[in-house]
Amino acid sequence: MDISDPILASKITNLLGATILTTTFLVVGYRRLRACVGAYGLHSFLLACVAAEVGFFTGFVHLYIAALLTIVIKVIIIPRVLNRIIERINVKREVDLYVNVPSSLLISGGLAILAYFVTQPIAGLGSLITRNCLAVSIAVMLIGLFIMITRVQALSQIIGLLTLENGLFLGAIATTYGMPLIVEIGVFFDVLVGVLILVVFMNRINQKFITLDTKRMRQLRG
Amino acid sequence: MGIILILGKMVIVFGGAPLLSGIIKKLKARFQSRKGPSLFQPYFDLAKRFQKDMVISKHTSWIFRFTPFIVFSSMATASLLVPVFSTTLPLGFSGDIIALVYLFALARFFTALSGLEAGSAFGGMGSSREMVISALAEPAMMLAIFSVALSSGTISLGPAMETLANMGTDLVNPAHVLAFGALFIVAIAETGRIPVDNPDTHLELTMIHEGMLLEFSGRGLALMEWAAQAKQFLFIVLLGNLFIPIGLAPQYDFSEIGVPIVFFLAKIFFLALIISVVESSLAKLRFFRVPELLGASFILSLLALLTFYIVKG
Amino acid sequence: MILTLLLFSLFITVLCGIFRSQQKLEAVNFLGAGGILFLGLNLVGEVYQNHEISALKGLLRVDALGAFLVLVISIITFTASIYSHGYIRSELGNGDLGIRRMRRYYFLLHTFIFTILLVAVSNNLGILWIAIEATTLASAGLVGLRSEREPLEAAWKYMIICSVGIAIGLFGTVLTYYSSVNILGESSDALNWSTLASISHQLDPKVMKLAFLFIVIGYGTKVGLAPMHTWLPDAHSQAPSPISGLLSGVLLSCAMYGILRFYIITKGALGPAYPSSLLLMFGLASLIMAAFFLIIQKDFKRMLAYSSVEHMGIIAVGLSFSVPLGTYGAMLHLFNNAMAKSMMFFAAGNIVLRYGTKEIEKVKGLGRLMPVTGTVFLLGALAMTGSPPFSLFISELTILAAGFSSGKMISSLVLLFCVVLIFASILYYVNAMTFGVPPSGIQKGELSRWSTLAMLMNMAFVMILGFYIPKPLNTLINQVVQIISGS
Amino acid sequence: MIASLLEKMMIATMGIFLLGGLFSFLFGKTGALSRILGSWSVILGSFLGLGTALGFLISQTSFTIQFFTSLPFPFNFSVDFLSSFFLFLIFLVSLSIGLYSLGYLVEYEGKYHLGVFGFKLNLLLLSMVFLVCSGDGVTFLMAWESMTLLSYLLVSTETDKPESVHAGNLFLVISHIGTAFIFISFLALFSFSGSMGFSDFKSTFQDISPFDRNLVFICFLIGFGTKAGVIPFHIWLPVAHPAAPSNISSLMSGIIIKMGIYGFARFYFDVLGIGPAWWGGLILFLASISAVLGVMYALMEHDLKRLLAFHSIENIGIILIGFGTALIFKTHGLTSLSALAFLAGLYHTLNHAVFKGLLFLGAGAVVSAVHSRDMEKMGGLIKRMPTTAFFFLIGSLSISALPPFNGFISEWLIFQSLLLSLNLPEGMGRILIPLSGAMLALTGALAAACFVKAFGLTFLAMPRSPQTQQAKEAPISMKLGMGILAMVCLLFGIFPGFVIFLLDGVVLNFMGVHIFHEITSSGGWMIVPVYQGFSSLSPGVLLMILCSVLLALFLIVLIFLRDKKITQGETWACGIHELTPKMEYTPTGFSNAFRQIFSNIYQPRHEIKQKGTSPPYVTQELLYSGEIEHLIEKYLYKPLLSYFLKIGEKIKVIQSGSIHAYLAYLFLTLVAGLIYLTVSF
């Protein structure tokens, strides 16, 4: 078979995209924080795969770099850090969600559909092998944001944020085979620093509030 | 010539004023089937008061001493704006009916102040109520003036009376009659007669004008009373000449002064009669009922105005 | 020139990272303030002469718009640094702040400044995004400087909400890139603003529609447009006052600058109607939100924060009228708001340090205790609420005039209504604070001559620009207007 | 030649105010020096300015300058007849206020920062000069609001008194709302003329759609009405004017509210051209209401300065009755009648400035002598401060419109213009105008009543409190300040020709009528309103007669009644030996009759507390306390305020502090936007 066959390429991409979406649902579904982190790791890994795959088919070198960075930062470093936090704090699982898991899953599905409809008119543009991933990426973003809304643990909010960023990255690949390299690197750097700072804050919050339950942080109103 | 006329006018007004009140007293007495004092009693009273020394409250200031003079002279000034026999006035140009009203107001202002001077409750209540009544009378009077202005096209009294006189039978229209009624009530209120105030009372808790005069004595009292009588005289004349403007001489002409005088006396007597009838048939109103009376007069003058427009179309 | 400025700022940051002693840090702080002011003004001057300059193969580029922002930045950073000097000293004095925190403060401050400058000079929209995200990271550290509950909470919310917002913004950028790539193909300058602006009319309208929605919501979060403004009052009220000044004065302007860049492109792609209506909606929403929250404020720093929301709303509305006069007014308003708002926050900082509270009820007799601060605070409040003869009146007048003459009667009236309502509520509180009998046991007099100086410098701008706009500034703004209205 | 000279004088005047302000700010913080500098610069500036204004009016010149052209809207400074007239008004009053302050401010030394005070005072005058000389909307608004701000700061001079702080705030906020309405009008006009210049407004106004015209009219009405204190926009006035230091009260009641009148004159009679009849009708209506309610509330006050403040509302009403009538006549094309009414309004504006200034200065003297504004505590002051009493009396006579003082002339003129409405061809005016005439008559009488009360119970009879016993007469400078105004009251009452001559130019270039020739004869000694033989007034002659009769009486008394002796005695008190202050009539008592009669307007509430031992019918002490209801506040302002506060409280839940909610807003906004797009694609 001809490995540079765009049809095949887009088939594979779509497959990966679908898997990514499913993994996102995993993140939504899990209540155990560790599991969430794991799901996120998987999510990022698949993302890296997409990057690499697209890079392979299109021959853009910077996509390999991007994939590499993703592996390093999002699959290795960040989950590590998060897991260490989980060990430090006493909470192991999301106790009370604002929306219970089944309905969250349903809503996420709805979001995915919305994303699909939104992207319909513009996905036609150009003949990229990844164009169908645009819908996936928007869906993932929305779901990530949704996770942040429903989860009360600071940590799972971070996970939501990261998921959202993954969706973003997927979108970048899907639409344009990734941003210019320098931008990519900058973004990765920002994400990393951002997460680190958040982690620092989490530690301090944990000291001051004796919890990472963000429902408790409600001094500032009006 | 002019000077003589002016002085003559003042003499007539201030000479006639006591007589008028004498007449009214006499008529009232007759109605009450009393003999009553002589027609000239008011002159005697004035003369007597001018003879007497003055006792003045120690709380008073220069205003109290000054008031009688200002009141008297503002009445004198007012007298020059009101035609008595003739519609041409030597100093008619110097003011119109509004000026007249405000000259009365000047007098009232000082009277009220002097009422407060001595610091007694009588005076205070007197001035307070005097101001109330004037305030309530004022709008009715103004509307009446409006209707006069409408029917005569002017508000300087001389010309107004002249035009009204020339209107002849057109004068007998509802507007005119209503306006007369209104202004008559106002006159009663302004001159402090029953049913608004009782001029012959002293030391009655409800007295108004007398209350303000309570602390005056001697010539001060004389001047105040004289001025009050003059004011009454002027009002009567005003009513008479505005609403029964017959027999007014177009200009001064001593050869045929007779007719006007006769008409004039007739009018005065007629109005005096009405007043004395009213006074002896009505009781004095409770003070807080007075607004209703004056309200009625306001309504009358308003109707006068409306009917004028309705009639005129 | 651009690089000099950036590198200098970076250098200062590094120095702040290295030095440990207070004296050195303060010296460096002053050096940085002065240098940035000097270099910034130089840069502006250069742009003023030869309309634009760029560096690093067009990654960095400063045109009139950028220069205008640089102008604002360099002035405010200058006064803010000077103010910080006095502020931090007195915080050290009364032991609210340890020496370690002081080091961190200066380091983050200058990092923050560096990132802001980067925003202003970046031509590549990706870089722009990175810079803006970086400002969040740097300033979050500053907001949470004091590790008590409130600052932490504020910082957390700030971080989370703004990161989300910015991420959405990035997606907008991606989509923009997408639509440009379809024309230019894979090339590094396909994300350069200058290129995009030049080809904006060819960009795919549908994609740009989607993109601009993401941009407005994303960067709008950072600007503090309602209903994404929720983080703003917390962050601005909890940050140390000099930082509040920078946040309200400069950072919001930078975010607005980001929106502006995309606004220009979008307008080129699909005409003014759609982007204007978006801006108008969010602008009015912010105005109304601010107006009603100001009625019931109890904390005067939050009050100022909400007033920032209001002013960003006004600017958005002004832009949405999409007539040159309105744009002029909006730009002028951006400048004036930066001056007035930072001044107000400086004054508020003095008050907080003197009275030891942010509550409005507890502050009385300000005019007697701190004559200068009191006067500045009162006049500033009047200026901030757009009453003559201060500079903000002129800009609001211009915006409203534009609104009326472009037939946007209703929205102009709503704007005016909100402004008046806000005036009433703010002056009610400020009046109560300024006059009256001061609570006993608070020492009299100003905080330090540095903080006073900083306030007065801003005051000068607020006062003078009410009567007189210097010719260069006028021309600069007019150039900006040309860029925005694309003529 | 003369023009350039006047121009220089004008600039010099402004320079004096500016420098004087700065110097008083720089030299001496609280001390006498800044007081002297501040006051003297006011005096000198006003004196020079007075000359300049007269020069402008008599030489009938005018000029315009442009400056600060780099702003989006350049500033225009232009002096025309109206400006000059108002400059005349301002400086006439400010001159005596300056003299007065010289002595009055002594009691503030050391307590408050007089340097700042002087600074603000001078700048306030400067801003007013700019206001009346502004030739375009922006300059106008700038000056207008600066004036508001400075007077706000001056009102809350006594920062330690909660009353004045609150008053200042209320004043500022309400005025600002008013300004917003003026702002709207300007913007609406701008959107058609494309420029902020008044002349352009005027030239384009006729092409504007009726709706926008009416909008402009209404907004101006609210805006200027707020400044002038027209009911129902008046609520700040009776709070702010009393709270200020008395010289400032005088400034505010005398001059600042006249700026609202200036606005009316400028825009309704010049810029807005001829409007529909209901414009005039509406103004006439509001004016009558203001006049009557103003004086009625004044009657109920026993705070001397509040009483005067309410009278300002009344007089603004009277002025606007003139203006409203003028507008009605204008609509019906009766130009010269319209000119007459307009003139009457302006004349009363000037008069009110003079006598209200005088009255407030007098009140200030009393208050600083008695250390209280409560008339219940006063009385008998005529013996302790005779000069002040005399001047206050003159003020009272003028404001009660009694001959031979200035108030009489202007009210007479207004009555004339009302009565001349019989020339109206048709329309509501024919009923509305007589009714407002009746209102005006009522107002006049009530005003007289009120000032019998104000003067009588403040100055006459016995003092009702110990501190009144110790009252001292005011220093010479204060007397001088009052004296000037008192003098002016009389002069403007005797020589109306002069004032009408001054106003000739104003009326001429607004209405094209040579009013001086229209309504005066025999060289201004006699007023003959428009129609020969309708009526005429010659105050000079009236005064002559009055005086000669007085003289005659005095002579008679001197000659014939010299021998009658005058003995001082105790007031007759129904047999009680010694009359005590407790037996005197009080302000509350004096106004009681009115309270009873107009009870449906006042809605009076009173309670009588009985302090007595048991059995209860043995009473030691009776405490009477009563208050009246201010309808507008009760039914308009309080509900509005609480409504907004309620919304604020409700909306608070949005900012509940929950980060999830915040993120949800973001999320929902995004989703909503996306849905909108998918639909719209």
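When the chains are written out, they are named A, B, C and D in that same order, and each has its own residue count from 1.
Just so we're on the same page, contacts are C-beta pairs under 8 Å (C-beta built on N, C-alpha and C of every residue); 3 or more make two chains touch, one makes a residue touch a chain.
Keep in mind the model is a prediction, meaning the values are calculated, not measured.
Most remote from chain D, judged by the distance between CA-atom centroids, is A.
When chain pairs are compared by their number of contacting C-beta pairs, B-D comes first. Our note on geometry: chain A versus chain B, Cα centroid distance of 101 Å, whole angstroms. With each centre defined as the average position of its C-alpha atoms, the distance from chain C to chain D rounds to 44 Å. Centres computed as Cα averages put chain A at a distance of 31 Å from chain C.
Separating the CA-averaged centres of chain B and chain D is a span of 35 Å. Multi-chain contact residues, meaning those touching two or more other chains, occur in chain C at positions 156-157, 160, 164, 168, 206, 210, 233, 293, 296.
With touch defined as above, residues shared between interfaces to two or more other chains in chain D number as follows: 652, 655, 659, 663, 666, 670, 674, 677, 681.
Across the assembly, chains come into contact as A-C, A-D, B-D, C-D.
Every residue of chain C that touches chain D in the complex is listed here, in rising order: 156-157, 160-161, 164-165, 168, 206, 209-210, 213-214, 217, 221, 227-228, 230-231, 233, 289, 292-293, 295-296, 325, 328-329, 332, 365, 367-368, 382, 387-389, 393-394, 397-398, 400-401, 403-405, 407, 412-413, 416, 419-421, 423-424, 427-428, 431-432, 435-437, 466-471, 474. Residues 6, 50-61, 63, 69-70, 72-74, 76-77, 80, 91, 93-99, 102-103, 105-106, 108-109, 112-113, 116-121, 123-125, 127-129, 131-132, 134-143, 145-146, 149-150, 153-156, 159, 214-215, 218-219, 223, 287-288, 291, 298, 305-306, 309 of chain B touch chain D in their complex. The touching residues of chain D, when paired with chain B in their complex, are 379-380, 382-383, 393, 397, 400-403, 408, 412, 415-416, 419, 422, 430-431, 434, 437-442, 444-446, 448-449, 451-452, 455-457, 459-462, 526, 533-538, 541-542, 545-546, 549-550, 553-554, 557, 561, 564-573, 579, 581, 583-585, 589-594, 596-597.
Residue ranges of chain D in contact with chain A, taken from their complex: 652, 655-660, 663-664, 666-667, 670-671, 674-675, 677-678, 681. For chain A in complex with chain C, the residues that touch the partner chain are 60, 118, 121-122, 125-126, 137-138, 141, 145, 148, 154, 157, 161, 164-165, 168, 171-172, 175-177, 179-180, 182-183, 186-187, 189-190, 193-194, 197-198, 201, 204-205, 207-209, 214, 217-220, 222.
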